[in-house]
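Which chain is which? They are A, B, C, D and E, in the order written, and residues in each are numbered from 1.
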Amino acid sequence: KDWKSATITLEGAYAPWNLTNADGTLGGFEPELAKVLCERAKIECTLVASDWDGMIPALNAGKFDVIMDALSITEERKKVIDFTIPYAATPAAFATAADSPVANATGTGAIIKMTSGQTGVKEIEALKEAFAGKTIGIQAATVYAKFIYDNFGATSEVREYKTGAERDLDLQNGRIDLGFDDAVYFGNAFAAANGALAFTGPEIVGPIWGEGEGLGIRKADTDLRDKFNEAIKSALADGTVKELSMKWFKVDVSPQE
Amino acid sequence: MTTLELLGFGQNGWGALLLVATLMTLAVTATALLIGAVLGTVVAIAKLSGNLLLVSLGNIYTTVFRGVPELLIIYLIYFGGSSAVTAVGQWMGYEGFLGLPSFAAGALAVGIISGSYQAEVYRGAYLAIAKGELEAASAIGMNRMLRLRRVVMPQVLRFAIPGLGNVWQLTLKDSALISVTGLAELMRTSQVAAGSTRQYFLFYIVGGILYLVLTSLSDRLFNRAERRANRSMPAAAMGQA
Amino acid sequence: MPGVTRLSVRDIHKRFGNHEVLRGISLDAEDGDVISLLGASGSGKSTFLRCINLLETATSGEIFVDGEQIRMVQKNGQSRPASQRQVDHIRSELGMVFQSFNLWSHMTILQNIIEGPVHVLKRPKAECIAEAEALLEKVGIADKRHAYPAHLSGGQQQRAAIARALAMKPKVMLFDEPTSALDPELVGEVLRVMRALAEEGMTMLVVTHEMSFARNVSNRVVFMRQGLVDSSGTPDEMFGGGASPAFRQFIGHFGSGQ
Amino acid sequence: MPGVTRLSVRDIHKRFGNHEVLRGISLDAEDGDVISLLGASGSGKSTFLRCINLLETATSGEIFVDGEQIRMVQKNGQSRPASQRQVDHIRSELGMVFQSFNLWSHMTILQNIIEGPVHVLKRPKAECIAEAEALLEKVGIADKRHAYPAHLSGGQQQRAAIARALAMKPKVMLFDEPTSALDPELVGEVLRVMRALAEEGMTMLVVTHEMSFARNVSNRVVFMRQGLVDSSGTPDEMFGGGASPAFRQFIGHFGSGQ
Amino acid sequence: MDIAFLSSAMATLLAAVPTTLLLFSLSVFFGGLLALVIVTMRVSGNRFLSGFAKGYIFVFRGSPLLIQMFLVFYGLGQFGVIRYSFLWPFLREPVVCAVLSLALCTAGYSAEIFRSGIRAVSPKEIEAARAIGMSGFLLVRRIIAPIAFRHALPAYSTEIVLMMKSTALASLVTVWEVTGVAQRLISQTYRTMEVFLCAALIYLVLNFLILQAMALLERSLSKHRRAAPPSAVKA
């Protein structure tokens, strides 16, 4: 099949990655990047919003051809769908209420790099002590959830939320002490919280989060995947990704080697 | 941005989208109620037939679709239905994907659920008809069809109205679950607006209020229908408890 | 045309489970006959009437209406009518007035009355309405034509039920205690209506507790006891002292203190 | 102890909307009095009984039970009982048997009967059961003690309702057409029970259409007409021809064809 | 069919059944109590009380439970008054909030169901009770409540089954019951159909048991409506 057209799905409610404007159109980092990528791959793209919960099964059921929804490339997911090369890779960090006792925990401002499955990192050991007995909120079934369970599960209480937004509200309400998530996502959420929330502890980067965020594509459609791979490579190379990232995230999320 | 601007019909206002979403919810619910009316009637007739096979089939239908969470049924129809349609399409030589649009899948799923509740409502209404009135119909020589049309149907409708009011309410709320198919009905639009603007409380409260508006409109409609249908009842039976 | 047998019942049996309610009843009614069915509560009077127009299926026995036999078949050891069409047809020739009236609650009195003529007999509506109004006039509730049954007193309902049955112009009328719900003043009224029907030559089978009706209006009295015809005869024979001891005991209760 | 005034009603008025159903009725019942209330349908007999035990609140008038006046207050232009406790107490001294029995459908006959003694009068249950069984024996339905009302014939229900009222050992019994739903054989039975009560000296107020009862059992007959007492007197006075023309016309309907 | 996967998914889901049952039984219990209060207000005849009850029923029946739950859990904490009150130690707990919003919602529905049961009590039976001197609470306890409950039972069993299904929303407030666990399992394995079918089976069994139990109760409460026992017919 030669791909003249394709449908791309995203949630449309995960600002600033993707969001819905008041006039019903989709906006944000990913829709703008999608436009660039489709132009370069010479594919006529239609963007459709759909619910996060059903996205991967719906892709496999043929409801659309591409998922572009801050989808992290993980081994588990690779078993059911294929990915393009990553177009973004983001660090992760802890957040807490600005007036919390665990604000400005050890290592705040630092960046540590971790590889998958790495243990015994001394900064993390220090944090473990600082966060002992506290409650950490995470979004269920994410790479971050696994990291928190592996490293903090024994000393802190872990609470799982269906979405990050709900966890952020509870952080403000004081039901939990800490949240752990994508630092870019947090940066945007803090803006909406009017300074009530702040980062604490070091930023964690590296292969531990997998390769980054890529487009999800059905396993059978290798030709479509290859076309998008080429497009992403070119957009990364000429700085288009960086430019859009600065516009929406205020930081550069282009994957670093 | 002020609350008023956010909810208004201006450039950055969500008013128009919310309004369309409310109408979408109304449309889905009404369609589902109609589908449910057809299924409910058939199932109620089966359950009243006295035929062992039909009665058991009817019982299975009402037990399963009342007993299984609505969300699962919506998923089954949305994904399962698409796979089935695609399979049929391929078998007939059509290449590629054929799907049930989310409106159709959602309305069908909620309609099937609504049907299980409506079946019980119609069955109860039928049983409420005084046996003597059916005998009186037979006694003047009405055949089955005529009796159904002239004596049974009008009374079933009358007795079913309060129950149908409840079913409408349930169906309205089940329609909120169709948001998982990405259909821009009221619930999903509220969620999207909340996520995009990070004004969670504002949009959930507004969403809730819009549901209440739909409820109060439909309440009014059903009360009117009930009063009309009860013209033939003694005044005392119409009043409150 | 006296002498024509309108209704003939031969050896009707009816059992509910273990309980045999009718144990072999036969009866003939000719044109213009007015037969009173008397009997204690539970003796099977209502069941007998219900068997005649097939609201209950008799366990065995034969029924002829206007010479036409109701065909029965045996199915799974049970007797049933062979043709539903024949049953519908025969029922439209038998009027029935129920002990509890059974008016259709969703229709006005007028609608109740024209329902059968218009939808079963398929006669023109305007004609039926005209006749219905005449009937309502006759039973004295013309002013209630647009009321619903629930808004009528018991006596008015009973008269509406009679009008509904008459509107079908049946060959035979079956009445199940047509005066049970009435105060004495109204009993008189309803009995007057029935007497007028009798004088017009209508064939009637009337379950009643009104001895005055049995004695003065009917031309035959049948006394049922435990599912059997205990005794029967003209009113003079029955009330004249020639009846069975059981019947004498039964009517002994009436007029006890008068 | 004859001579004691058990029930005294003074100038009762009752209006429903614009319709004045009772237009000033007074009545005294002494110990052992058996008063028959006669009157055409709609004359206000049931309404009068219901006013006595406050199921309806009379628009004006005074009621004394066993010498105790029921205290009323005016509220928003409406008359109402001043004390619910007094009302409950007085009601427990007035037995009522309804025209339509009104047995509690969720209780067996025995439970229906002991309900009041056990839960209102707070008497020991075992004692109440023993008394209830004796009462059931008396009205002849002892074998139905564990049946539910829906499984009883009309006559059996009516007798159960009488037993239920009697179980409260009321000072005065109010009967609203206690034989309306019965076949003639049962009418006799129920009247026998009431006659026995009368002989035991129970004060009774009986709405009835049974002239034999009015004539032979009661010691006073009150004829109501359009919300007023038209005439009253001993049975001999009333039936002896000395009554008002309206009453003579009323009883003229009975025995019309006999 | 991947039996190994199905059985491991089933095991995971079964582990969440106690949470579902806990939510269910607590909210049915407290919801029932609250419904009694609301329905008492609704039929009290006092204009203020019945107006309040009407409003309550309208709001809680008329809006989606998801929104109610969100506002109770995430919304209440936004108010300092509540966050610094003695209630907060309770409201902090997700299970408490989940039960609270489930109970608030079912109370609205159940109150309406009970009310229709009360309406079905024959006025004649109430009169008979008044005539022997019953009034107030005694009248309610001995006559009205038993009859009304029997009338309301079929509708109430439906409501209870709906309640069982509504517990599925509690994962929104971090209480991981069967549906929540199923969804999490799906985000981990992406095997939607298999996991959901297992979950469906669990709910079906639970609801089937509930419906059977209610039917049993209904039968035992309707002895007086069933056909008479043979001995009574003969007599």
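Heads up, the rule we're going with is that a contact is a pair of C-beta atoms (placed from the backbone, for glycine too) under 8 Å apart; a residue touches a chain by one contact, two chains touch by 3 or more.
Everything numeric in this text was worked out from a predicted model, so none of it was measured.
Touching chain A and chain B together: E.
Among the remaining chains, the Cα-based centre furthest from that of chain C is the centre of A.
Interface comparison, D-E against A-E: more C-beta pairs in contact at D-E.
Rounded to a whole number, the gap between the C-alpha centres of chain B and chain D is 52 angstrom.
Inter-chain spacing, taken between the CA centroids of chain A and chain E, is 39 Å.
Centroids built from CA atoms put chain C at 47 Å from chain B. Looking at chain B, one finds that residues 75, 79, 200 touch two or more other chains. Multi-chain contact residues of chain E, defined as those touching 2 or more other chains: 74, 78, 192-193. Shown for chain C are the residues in touch with two or more other chains, of which there are none. Here chain E touches chain D in the complex through residues 122, 124-125, 127-136, 138, 142-143, 146-147, 150, 221, 223-225, 228-229, 232, 235, going by the rule given at the top. Residues 74, 77-78, 83, 92, 94, 171-172, 174, 176, 180, 183-184, 186-190, 192-193 of chain E are the ones that touch chain A when the two sit in their complex.
Against chain C, in their complex, chain D makes its touches with residues 40-41, 153-155, 183-188, 209-213, 215-216, 250, 253-258. Interface of chain B with chain E (complex): residues 63-64, 66-72, 75-76, 79-80, 117, 120, 124, 162, 169-170, 173, 176, 187, 190, 200-201, 204-205, 207-209, 211-212, 214-216, 219, 236, 240-241. Across the complex, chain B meets chain C through its residues 130, 132-133, 135-144, 146, 150-151, 154-155, 158, 231-234, 237.
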